[in-house]
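What follows is a set of structures for review.
Here subunit A shows up in two complexes: once beside subunit B, once beside subunit C.
So, the complex of A and B:
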């Protein structure tokens, strides 16, 4: 049961990373049980007994966080938004890291022309401005949260690919890789059996960073009005609040919660990656 | 003869031109014998034996020579055919074998992987074989479940040897297998290795810069200097009656692993630049016995059965040996 002790030591050793993990855990739970947590359909326009629109209600009573200008339940929107945010965040992170890791491995191990081509491609991807690219993408394809995932996957892979490539170039010269070559193992076997597990920790680090980026981008896109119209996300809530001049009416209960949620998820991701980085590269601490 | 290497020439591509790291090296490995390849860093000993496996840095060029293992010409084989021989016929204990194990896999898993992937065994048989191998090299079977970082240096070395023995290869190439260990552990690992070699009748090429290791475990020795063989023959003959001044110097420069105390004297200077090697004998500039004729290529001089030295003054070797034993002989040679 050594791992239990190790796990128990985490909050004491790195309370920030633990807080991040805890935050994530809460968000994941909310996302999973969103259907039972909501009090109303987040997209339904609500009316009271007199068939009047229940718009701009203050928090309290039937509506925990009040209602929007068009009469929707803010609390339910917030809960459903968690699911959307995490789906986008996790899929984007998986895509980014898969592309980045595989290309980084190939680039670093084979070198030569392959390396040059892939790394120049990475330079180009890094040079493309992020938000405009995703907006153009959304304009060409139908607006959907997958555009954000695609955009993030296409533009964010170079960062992890570069770091992994550098790591592979160092691993490639190590004695155990040489030993594997002499045993007669082929290049793909060496790459995926011996090198890949050694860089996996870096992949996870970049995944944890990518989650926050993806959620932030998705929110930005939705806030600018290029998001999907058929789903509720935190960015959509902010956009709705902005367009309905919620700030002017002082409806802080409408736009502050989704803003705080975005901050919380991104900060949680940052805290986890920071704690993880400290385990991976203890020398950076000083 | 199990392995015959003839006139091997290996170049490295460098920015300033081609470096001839191995220049016409020939040697034999009889079945069941341990052949030591000895020389200082950069003399081409590792390059020469790595060429046998064909796993070389990308800058290395196989320029000429023939290598035949048990009658099979290895140079003529395709990449695919060569792979079939790797590890099944030729196993390798790499330089810094301490780091030759993948840090993310359990040691047992790595041995089993070779047995299954290269030896075609099933998982269960591989597991049993891995346990046998560990027992052979003096490690407990339960340590198969450990990661390499949980092993000490000597244990990792033993595990590397177990890995090399896995598929009962015809030839084992061990490149500086004990260099990173302290002398006590060196002795233990060498003893294990020597016992296994006798028990299993292994044929081994042992690369080392330490002539006392050669004296301790080898049957034959090949002394290399600046990419060329300067002397070779049975260990007892070469070490007792060295015919080349470099061998004499090398012997003086190392303490013996077992044996009497004696004064050590280093060979001053450093090996020549292989981008532009000197004409004639390459050891000339550091040799206390160099004369005018040494600017010509040294002739082959047969000293005894299978014992050759490439030196102009090999016929006077007896007198030179006496002089070489005195420490002052080796002082201030390179100043000229």
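So, the complex of A and C:
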């Protein structure tokens, strides 16, 4: 598989992209082993020996990052938040890139009316303000992190679809496609067996950016109060901190770490995509 | 001219499509859209009267036709919560959003253009090695989180800036112009504008840098170098001018995108703008207002995309000739 070779070429060619992959790897490990890394139940309201609420504790001792206004352990929430963020990020990325790749393949290969219709649809999707749309979506669907996935899948596919469409338009004129046609392969077989593998690395490029986008959007939506109330995410932590006046009390240990985690995941995606771009389009590396 | 008309028709098409999608989204919402209005004290007759008042008893097709014709006349219905026309409520806060957006974009682009040109000039140096990852980090930071950190430090900790709103309560102004140019307003504007600017400067910076790198390889730069001009003159007078065009287009696109993206920053700083209005309207199930605010944000986005395309077309002779 070509994309596997591309993936393997990253660490040798680009140390930044390698750092990005490494960061992802660390976050994936944290997400998988979150249950054994936490010191307290992230949702449990904690009391001390005298049955007093342990609220607003500074970091140290029993609580690595202190406790929240309602007496919950911040470090455990941060660790659990990794899982939520990665699940939303990866699901959204897979959805949007699958839609973008399939529509880009169809649009570029068949052309004509199909192409025109799909590209008009892309124009409409690009004319919809993204975050406001997800907010309105959250208004009439039940609050859940899947709203973010739906919003991203519905609105962000045109970016990858357009690039893949252009790539397919050039690929379909190549000799090896002609050869496949001569041997009697049908259009769908040509499209998904012969053309698709050649654009997969492009899809991967868009996926690595989409993960970050999804995590940022999920955090924004949770911060605005349209997220699910029963799960702990970084966005929820920030909303909780903001609403409980952690800013006024200067509890930096509460609201700074979730933001740094979001930055780390999103930057990892940027670094990987930059690495891919340079391997896929060497001319860009001036 | 033909291009202009085609592009204009395209803009109207997108606006119509988004308005239509929005109309059906709100109508197909589970439960009655009047849920926010109806409580235990409303009698069945009152409910029927309300439904008739908002035209919800008519068939869906007729409602849609009414919605479109009203929209054309600039009528977005009545807000449930404010009991006022939606247009009035939206226009009250819209100037605040425009001022915030423009202020942050101007700071972001002024900084981005200069820093981008500088980074291109210092290509391969340690400045670049440090600068690029730093810029990527600012683009990866959630805007509202950046706002929270700035708010905690500069407003609550140091007490340099007010913590929210657009004007101190109790102040009185003879005119809107006097209000928005007052020191009070500007001190409220500073933190949200800087937050947005930090987020927005990455795009013009990276764009300017890559354009500069392209332009610096062109023949007229070699020519200027052969004439013995200094590096600074070449970078600023010859290269930067030519690299600016795509950045100018990005500015127009930026206005459209930023008005929608301001939602979270306006919420953090309680800035009375259209994004915060949308969030509050959605929370309060005030659907005519949510619909109106959303349409307004969409209109700005689509119109700015249109302006960006058209100016690019007018300014760059290569594009103009190619599409003729």
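Observations
Just so we're on the same page, the second predicted complex is superposed on the first by the 273 of 286 C-alpha atoms of A that agree within 3 Å, B and C clash if a C-alpha of one lies under 4 Å from a C-alpha of the other, contacts with A are read in each partner's own complex, and residues count from 1 in each chain.
Everything below uses one rule, namely that a residue touches a chain if its C-beta (ideal position, glycine included) is under 8 Å from a C-beta of that chain, and two chains touch if they have at least 3 such contacts.
None of these values were measured; they are calculated from a predicted model.
Overlay on subunit A: subunit B and subunit C fit together in the combined arrangement. In the superposition on chain A, A:37 contacts neither subunit B nor subunit C. With subunit A as vertex, the superposed Cα centres of subunit B and subunit C define an angle of 100 degrees, given in steps of 10. Looking at the shared chain after the overlay, A:198 reaches subunit B, while subunit C stays out of its contact range. In the superposition on chain A, A:242 contacts subunit C only, with no contact to subunit B.
Look at A:259: by the touch rule set out above, it reaches subunit C but stays clear of subunit B.
Within the superposed three-chain model, A:174 lies in touch with subunit B and out of touch with subunit C [touch as defined at top]. Look at A:28: by the touch rule set out above, it reaches neither subunit B nor subunit C.
Set against each other, subunit B and subunit C touch different numbers of residues in subunit A, with C touching more.
This overlay, made by fitting chain A, leaves subunit B and subunit C with a least C-alpha separation of 16 Å. Looking at subunit A, you'll find no residue that touches subunit B in one structure and subunit C in the other.
Only residues 174-176, 178-186, 189, 193-194, 197-198 of subunit A touch subunit B when the two sit together in their complex.
Of all the residues in subunit C, the ones that touch subunit A in their complex are 10, 13-15, 17-18, 21-22, 25-26, 29-30, 133, 136-137, 139-146, 148-149, 151-152, 156-157, 163, 213-214, 217, 257, 259-261, 263-264, 267-268, 275, 278-279, 282-283, 285, 287, 290, 293-294, 297-298, 301-302, 305. Within the complex formed with subunit C, the subunit A residues making contact are 16, 120, 123-124, 126-133, 135-136, 138-140, 212, 216, 219-220, 223-226, 238, 241-242, 246-248, 250, 252, 255-256, 258-259, 262-263, 266-267, 270-271, 286.
Interface of subunit B with subunit A (complex): residues 53, 55, 83-84, 86-88, 91-92, 94-105, 113-114, 117-118, 160, 163.
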